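Pasting the structures here.
Common to both upcoming complexes is subunit A, partnered first by subunit B, then by subunit C.
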Partner chain A sequence: MTRDEIIETTKRFLSEEFEVEKDTIQAKNNLQKTLDLDSLDYVDLVVVIEENLGFKPTSEDFKAIDTFNDFYDLVEKKIN
Partner chain B sequence: MLVNKENITQFIPQRAPFIMVDELAHADENGFTTQFKVENNNIFIEDNLLSESALTENIAQTCASGFGYLASLESDAEPKVGFIGAITRLKVTDLPKSNAQLTTKVEILTTFDAIHLVKGVVYENDKQLLECQMKIVLA
Partner chain C sequence: MEKRVVITGIGLYSSIGNGKEEVLDSLRNGKSGIIYDKEREEVGYRSCLTGMVETPNLKPFLSRRQRIGMHQPAMYAYMSTMEAMEQAKLDIDFLEKNETGIIFGNDSTAGAVIETVDKMRERKDTTLIGSGDIFQNMNCTVNMSLSTIYKLKGINITLSAACASGSHSIGMGYLLIKQGLQERVVCGGAQEINIYAMGSFDGLGAFSIRHDEPTKASRPFDANRDGLIPSGGAATLIIESLESAERRGAPILGEILGYGFSSNGDHISNPNLDGQLRSLNMSLDQAGIKADKIDYVSAHATSTPVGDKTEAQAIETVLGSDVPVSSTKGMTGHECWMSGASEVAYSLLMMENDFIAPNINFENPDEDSKRINIIPEYTEKKIDTFLSNSFGFGGTNSSLIITKFVK
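Presenting the complex of A and B:
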């Protein structure tokens, strides 16, 4: 999966699951704030990532994620 | 049967008249199954029907008994206290009458740190009564 495909796929499933506009999911934006995640929401995030990208992120993975760009880096590392 | 009615309170924090499971029939890392008979004097009976709240509580106590039982296999320490973080995708099909015998099956969908996302379904015989997803937090 190319980075562009990762970005497009991510925008699709995150906007559907967390009911945000696709345009708000920008590389430099903060993932937690953009998706309005509380601690319980992370389990939903884990589920949709596993369903759509095929891997299960850990809490350690999320500690390294600030922006969507960080998330795309993680996905590239995990699936490629 | 893994835990009978006489011993179920060793694995759940609830006490009478708020106990909504009788027996733990099955428990492993994938999920749990309990049995529960709806007695005439159940506090959630209204117009001879057990309420949705009681069925939802039944799913929560199925989780409590299952997680508590599994924890007891690994340690003599007190079971962790569980909290319902969220209930979603609730679907009520029917309500049981008093004297109904219920079977509740819980599937652990995923676990993230101390949060377990589960799907619970309550059956009377083979008829589904209620289903929902719950986020259970063990503290």
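Presenting the complex of A and C:
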């Protein structure tokens, strides 16, 4: 999966699951704030990542994620 | 000093109508909400008949986080509560600042639990169940959702008492307000409709198999009844102290006069005349009225041979042979955990509009039902005071007496 494909896939499933506009999912934006995630929502984030990208992120993985760019880096590392 | 307790809002999400207006039309016209459900045939139900409501789309009203913990009982209850709140002139801003409780009747979350178990078996990883299922799975699902959505700050408990859940919820709310412990309480009952909710009940052979005539299958008190029809949805009643209702300028739909209750302490599913008599007599005692003051009885009668027989005997014994009686379950089927609340709401609509809804499909009386005054057709009648019965598995009985409000 190329980085562009990762970005496109991520925008699709995150906007659907967390009911935000696709345009708000920008590389430099903060993931937690953009998706308005509370502690329960992180469980659902794990579920949709596993369903759409095929891996299950750990809590340590999330600690290293600030922006969507950080998330795309994680995905590249995990699936490639 | 004891408080007077009044009803200031009702909401209905029922097989005979989404909202009071549709329900009122159905009650007047004896319209049935019973259908044949093909899905039940496919999973081996003996009876494929059921009352049916649509799954509501709550996206226009609630956030993802609010919706994700809701399965059928909470979704239906949100719909009925939204309508009741509007009639009672209550909104979230007021409720957040003025202590209000919730005692809602619910006694199963089978559909939600089965879906969760399916995910566990498929995914073999509990994290992958997601965050919403736990709130759908718990029996207090309606209370959890409504109390957080509406910012309720008072009593917050779920009432599980089988098919008397909705009725006891009103009774318990009434007692708390009467004692001055709560100003207002959101009461009601919710009942899921899905193939998992009623499978084991169907297995007992208690449901009607009149498949060729779904709308004639639920026939309370009729000699040719062959069982009940499961149904569901939700009903909400806002009850509050008279002072609170008058202070807020809320409409007063009726006053709760008495609540009687009892436990049979006997068989787990069979009715018991003594238990019903004690519940009925207690409601009259608590209301401080004689039996001849009851203008209408909303019977529990579910269309089972033994249940209707016992209730007819109880009504005749306590209230006599002349008081008009009907069971709306001929139209709705048995709304189970919801029924005790919905039937009070149906009766309030009758009282407000001066009629008795027909006990549809009552064509031939049997030896017990011929001894009471069952109303088979729409009948104009001024109702000042009515009594609503609810009886449940495990021998739990509830009788509520409600009257027109007179200052």
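Here, the second predicted complex is superposed on the first by the 80 of 80 C-alpha atoms of A that agree within 3 Å, B and C clash if a C-alpha of one lies under 4 Å from a C-alpha of the other, contacts with A are read in each partner's own complex, and residues count from 1 in each chain.
What we mean here is this: a contact is a pair of C-beta atoms (placed from the backbone, for glycine too) under 8 Å apart; a residue touches a chain by one contact, two chains touch by 3 or more.
Values in this document were obtained by computation on a predicted structure and should not be read as measured data.
Enquirer: Contact-wise, after the overlay, does A:Val46 reach subunit B, subunit C, both or neither (first, second, both, neither)?
Expert: Touch status of A:Val46: both partners.
Enquirer: Based on the superposed arrangement, let me know which partner A:Ser59 touches: subunit B (first), subunit C (second), both, or neither?
Expert: Once the two structures are laid over each other on A, A:Ser59 reaches subunit B alone.
Enquirer: Touch check for A:Glu5: first (subunit B), second (subunit C), both, or neither?
Expert: The answer is neither, since A:Glu5 touches no partner chain.
Enquirer: Have a look at where A:Glu21 lands relative to subunit B and subunit C in the superposition and call it first, second, both or neither.
Expert: A:Glu21: touches no partner chain.
Enquirer: From the superposed pair, tell me which subunit A residues show up as contacts to subunit B and also as contacts to subunit C.
Expert: Subunit A residues touching both partners: 40, 43-44, 46-47, 50, 56.
Enquirer: Can you tell me which positions in subunit A touch subunit B when the two form their complex?
Expert: Interface residues on the subunit A side: 39-40, 42-44, 46-47, 50, 56, 59.
Enquirer: Show me the residue ranges of subunit A that touch subunit C in the complex, using the header's touch definition.
Expert: 18-19, 38, 40-41, 43-44, 46-47, 50, 56
Enquirer: Under the definition above, what is the set of subunit B residues touching subunit A in their complex?
Expert: Where subunit B meets subunit A, its residues are 85-86, 109-113, 115-117, 135, 137.
Enquirer: Name, in rising order, each residue of subunit C that touches subunit A in their complex.
Expert: These residues of subunit C touch subunit A: 63-65, 68, 125, 127-132.
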